[in-house]
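Common to both upcoming complexes is subunit A, partnered first by subunit B, then by subunit C.
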Partner chain A sequence: MSDEPATTRIFIMGKAYDVPAGVTIMDAMEYAGYRFVRGAGCRSGFCGACGTVYRKEGDYRLEFALACQEMVEDGIHLTQLPFTPAPREDYVLEDLDPTENVLLQHYPELARCVACNTCTKACPQDLEVMDYIQAALRGDLARVVELSFDCIQCGLCAMRCPADIKHYHMAQMARRLYGVSASPAPGHLAERLQEMEAGRYEDELDALVAASTEELKARYAERDIEKSSEESA
Partner chain B sequence: MSGTGDVRVDPYPAEMRASIERVEATRAGRLRDGPTAAMSAVERDELLKAFHPDYKEDKKRALAIGPSAGQLLPHEVAEVLEAYPLLEPEAVERLEPDIEVQVLVLGGGGAATVAALFAHEQGVPASEILIATKLRHGDCNTIMAQGGIQAADRPADSPPIHYLDVLGGGHYTNDAELARALVSDAPMIIDWHERLGILYDKVGGEYLEAHGGGTSRMRMHSAKDYTGMELMRVLRDEVRNLAIPVLEFATAVELLLDEEGQAAGAVLMNLETEEMTVVRAHATVLATGGFGRLHIQGYPTTNHYGATADGLVLAYRAGVPVIDMDSVQYHPTGVAYPAAILGQLATEKLRNQGAEPVNRDGNAFVYPLEPRDVEAAAIIRECYGRDGGVSTPSGVRGVWLDTPMIDEIHGKGTIKRRLAAMWMMWNRHGIDISVDPALVFPTLHYQNGGVEIDARGATAVPGLFAGGEVAGGVHGKNRLMGNSLLDCNVFGRRAGIAAAQWAQEHRPGKGTLSHVARYTASLESAGIPRARTAPMILPDYRREAVLARTLRGG
Partner chain C sequence: MDPIAYFPGCSLKDSARPFELSALAVMEALGLPLIELPRWTCCGTVASLATDDLMHHVSSARNLVRTQETGGKELVALCSMCFNTLKQVAARVNGDVDARDKVNAFMDEEEDYEGGIDVLHLLELLRDRVGWDAVEERVNRPLFDVPVSAYYGCTLVRPKGVGIDGSDAPSVLGGLLEALGASVIATPFDTECCGSYQIVDRRDLAMDRALRIVVAAKTRGAEVIVTSCPLCQHNLEQAVGEFGEEALNGAAPAVVYFTELMAIAFGLEQVEVPARLQPVLDAHRLGATEGAT
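Let's look at the complex of A and B:
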């Protein structure tokens, strides 16, 4: 790393700027004097606000990334995408029937998928986007959940799709439907709720709320710490 | 993506690599012997006083004016609380309301979204609710919460046990009624999430529940290390299904109060055009989050771009006292290397799955799951009190988080499966944390204190409710892992319900900014310099050399 140049020449919407090497696209643009209103959110790779397209010098392809995570390179041409216009379908979760292909009913354009894999190439989370679209076509909810779980909903897939599929909105619906139909809460949660309803812990909580700091300190010091038993995975 | 297919060069410089070899040499022994013992209460106190940034008294000052005058808090917070408004009060009062709703929710994160959903459930029609937020709906700290959410739902656990953990973690400074509400509502919140289709990690139909720093029972529910993102995207999806209106890039710059001092809505500013919008509301919920982007004591932060304490500023001018603002949560493990992602979060889940902090010689020096303030202080001591830190080429010091231990304990592939976000974050920079340890140092993470609320989420201003990170008292002087996602749900819900009830029974008079005029007068008599204005809205990370040559800055 030490033999890298101290500065990198980047092009923001066509204008050249020299920025420090080894910084993210977002930091480089701020260094150059840009102040974000759109195109910056959590700045840690979780919110999907800073989807960016860029092209490297001498390369014919467009590349896709999150500006807060991707480092600048010499000769990179870039900009921020402020907004993805991708309509989503409203639904009432309780009314969805998981045995029917409700995904296709709500998003019929899924059937237009030409399996070009452009969505997968655009995904900054490295998800197998096209594969979950194919799973959705088959009505395989579990597979959609598995493949789409890490989606941050930046919208780059939908922006690139030649079939105008709204991948991330469809997958959101699939995950919620799977949650309510195929991933029930463990029984002890309902039992705890019944206990709470019956006021099982009220006296104990009354006593704790009324307790002096000295009493609380003594009880805290006496707590038994549950052993981390090895979970199966 | 970059990097794929390339021949991998070592992402660590030679000196760091040599230290990693010492970490590898001690790993088997550390795995065999188990973690360092937890500290006693006396040891914790001594460590905090000597090394935690909160205990440096010269980094704080007493507020000169306002409802909490005399309270000590960081200079950076005092600078925004003791600041002049952006608006001329007279100019806005000529404006008629542009929008009128029953419940106005300020903020766009977890607490705001939950408040809107429960205001609706209380019978307020969707069209009578407005969520107004600075950035996009979901550009917030909630979405970045990785590790999990606490709820005492297993038979071996109980809300009273959770309560004791919360109080001990907060050094017994918590508001008892707020802490009680937090632990009592937790199982019900998880149940609500299940009904919304939120996917918590389960194995064989049971929750995969783990410890967090300072917990005595395993009650951390997670969704891989995307827990906050899974929560936020589902809650937001439900708001969209219900067609609750959301105004994005519309940030509150002032609250409106009527002549009786009752909350009457807010003035919003369109971030792109700077046009003002006056919203008249029967009840207002403040869910604007915390202050990470104030960079207290110069620390980098895990927080989102808009975390500039605006809600705190507006409420304080309106007469709402603040509490516990002297305490700041530094997350023990922020990224220390590479510099490009300095200060970003390395989730506590890495430690609850077995990764241990070790020094440059590969020796463990602290129990991995102390409460956050204690763990952070121990890492600072190791780097600056004991010379056990590892230096990076950019001059930052940190300690190793021995992440390969996770796969050693739970089996190969565990990191990629349960800590997918963490694996990806470092892998983007060529570091595979299932093979090499990661360098970490504390980073500014959470506003422990905030505006004072009661257990319903009510503030000192009638008709103004608050919940989530903007509010204080729940966690006292130190929050435990997994209690912030819980907090924004519990108190977002309570504030939303209370606001709906208030809105159905009260009609405020005409909104005014006379409280702002009064506050301005006290700023003047306290001799606060005119140039200091707030809310900050967004931090400015442009280079000074560029700013100095702009038309405005030159």
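Let's look at the complex of A and C:
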């Protein structure tokens, strides 16, 4: 028995590296010497900055993941695709008529969808991407919102699409449009805005602004995360 | 009878909502309810005729997989164009094992399509399974005297083997209209193309064709033109809007879906009467509520 920690052999852009077993792709790349200036963000699977493409040995399919979430496996070949050059349409939400198919008007390449489902296979969030594109084609805003809600805008769908659809930008437009046109106005938000306008938080804010760095650090360290999550529950 | 899966298509969820709503209502009334195919995708719009272009068959083929998943053996289309595309692709992947294997291999995330799903148009269901006699029995507000042009267009009756009726002298819409008590107007343009998707890039061309169809119906006395295709409906109504009463020498015929006329003849008041059809009904004393039982 060796005391050597277990290692995994991975291939980053074709070059072999032995990295600790059981770490994420992102940690493995940093272990191998890569330093992320871009292509890394929250490191918690929410920001969508670290899109990664890999192939397992002997598999005919490409796999897609977030580097900060996926564990390394022996023999995988990988590279990062942290950014997708995909233009986002300009629009003013209030000027749009949601009863017309404005999604198709702003993203006409939607009509090029042949239902190949490649986008769905590329989604690290396991969303039914093709289904929301199909819903967008027929102007079903609510369904686009429902199916795309957990999108983290990594852009891998648009990178893979043979029809050059900008899925994630279109779905973001759909969610924004649905927000201003169809979803009920949140009562608690209006209430909180009123409180703010009435100056309820002024004193607290002034105290924070006046506090020293040491004091702020101490307050941050002492903050009670569990308590606040109980309150919100 | 078990409900049959129907394929709405994108237009019926958007610009052609009245088509879907009226179709569902009349089929319910006939005791043959339709259920929407779950997770359907666009039909593909136009069936690619190139034998090696299976990529453009995937969208239709996926709908056949969805039908197979429901346990059904049939898929009913309402829009003529969807019907045509779905049926052409079904013929291909049902009959050609190599093509089916290739499409199945590509759709590796789906269960394999095993073949054998039939694509029908709603008019076939009405003609062959319900029958005109049963339709006539359900009518409680016959469309006495209303002269209706039975406009087929292309995709319902062409090509041979796909079309649901002969393309020379089709009779399916006429049979339906007679059962509803309308007076059927035939024109030489009944199976002419409306201009189809040329409306997008060659509006002049599409309008030229559409106007001829409307004028042919109008000059033979039609007050209504009935269609089974959202694109035909759009193009013909566009021609009416563009050229108006001047070109048509009087009130333009209302272009409506066959299911909308059925709903009126069945007295289904929950189905909205198309705005341009109302004056026609009024003139024939077939007001929205009058005479319904």
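The rule is short, and it goes like this: the second predicted complex is superposed on the first by the 179 of 233 C-alpha atoms of A that agree within 3 Å, B and C clash if a C-alpha of one lies under 4 Å from a C-alpha of the other, contacts with A are read in each partner's own complex, and residues count from 1 in each chain.
Going forward, contacts are C-beta pairs under 8 Å (C-beta built on N, C-alpha and C of every residue); 3 or more make two chains touch, one makes a residue touch a chain.
Quick caveat: nothing in here was measured; it's all calculated off a predicted structure.
Student: Who wins on subunit A residues touched, subunit B or subunit C?
Tutor: Looking at subunit A, the partner in contact with more of its residues is B.
Student: When the two structures are overlaid on chain A, which partner does A:Asn101 contact: first (subunit B), second (subunit C), both, or neither?
Tutor: After superposition on chain A, A:Asn101 lies in contact with subunit C alone.
Student: First (subunit B), second (subunit C), both or neither: which does A:Gly41 touch?
Tutor: first
Student: First (subunit B), second (subunit C), both or neither: which does A:Gly179 touch?
Tutor: first
Student: Could you tell me if A:Arg9 is touching subunit B, subunit C, both of them or neither one (first, second, both, neither)?
Tutor: neither
Student: Can A:Arg55 be said to touch subunit B (first), subunit C (second), both, or neither?
Tutor: It touches nothing on subunit B or subunit C.
Student: Using the superposition on chain A described above, determine whether A:His77 touches subunit B (first), subunit C (second), both, or neither.
Tutor: Neither partner.
Student: Touching A:Met130 in the superposition: subunit B (first), subunit C (second), both, neither?
Tutor: The answer is second: A:Met130 touches subunit C but not subunit B.
Student: Just checking: does A:Gly22 make contact with subunit B only, subunit C only, both, or neither of them? Give me first, second, both or neither.
Tutor: first
Student: Within their complex, state which residues of subunit A touch subunit B.
Tutor: Its residues touching subunit B are 1-2, 22-24, 27, 30-38, 40-47, 49, 63, 65, 69-71, 73, 88, 90-93, 124-126, 145, 149-150, 152-153, 172-173, 175-180, 183-186, 188-193, 196, 201, 204-205, 208-209, 213, 216-217, 219-221, 223-226, 228, 230-233.
Student: Going by the contact rule at the top, pick out the subunit C residues touching subunit A in the complex.
Tutor: Against subunit A, the touching part of subunit C is residues 10-11, 13-14, 39-42, 44, 55-56, 58-59, 62, 106-109.
Student: Please output the residues of subunit B touching subunit A within their complex, sorted ascending.
Tutor: Touch residues, subunit B against subunit A: 1-2, 9, 13, 41, 135-136, 138-141, 143-144, 152-161, 163-165, 167-168, 172, 176-177, 180, 183-184, 187-188, 190-191, 194-199, 202-208, 210-211, 216-218, 223-224, 226, 228-230, 233-234, 237-238, 240-241, 243, 249, 271-272, 302, 304-305, 338-341, 344-345, 393, 409-411, 414, 417-418, 420-421, 424-425, 428-429, 538, 540-543, 546-547, 550.
Student: Give the list of subunit A residues in touch with subunit C in this complex.
Tutor: Residue list for subunit A touching subunit C: 61, 101, 113-117, 120-121, 130-131, 134, 137-140.
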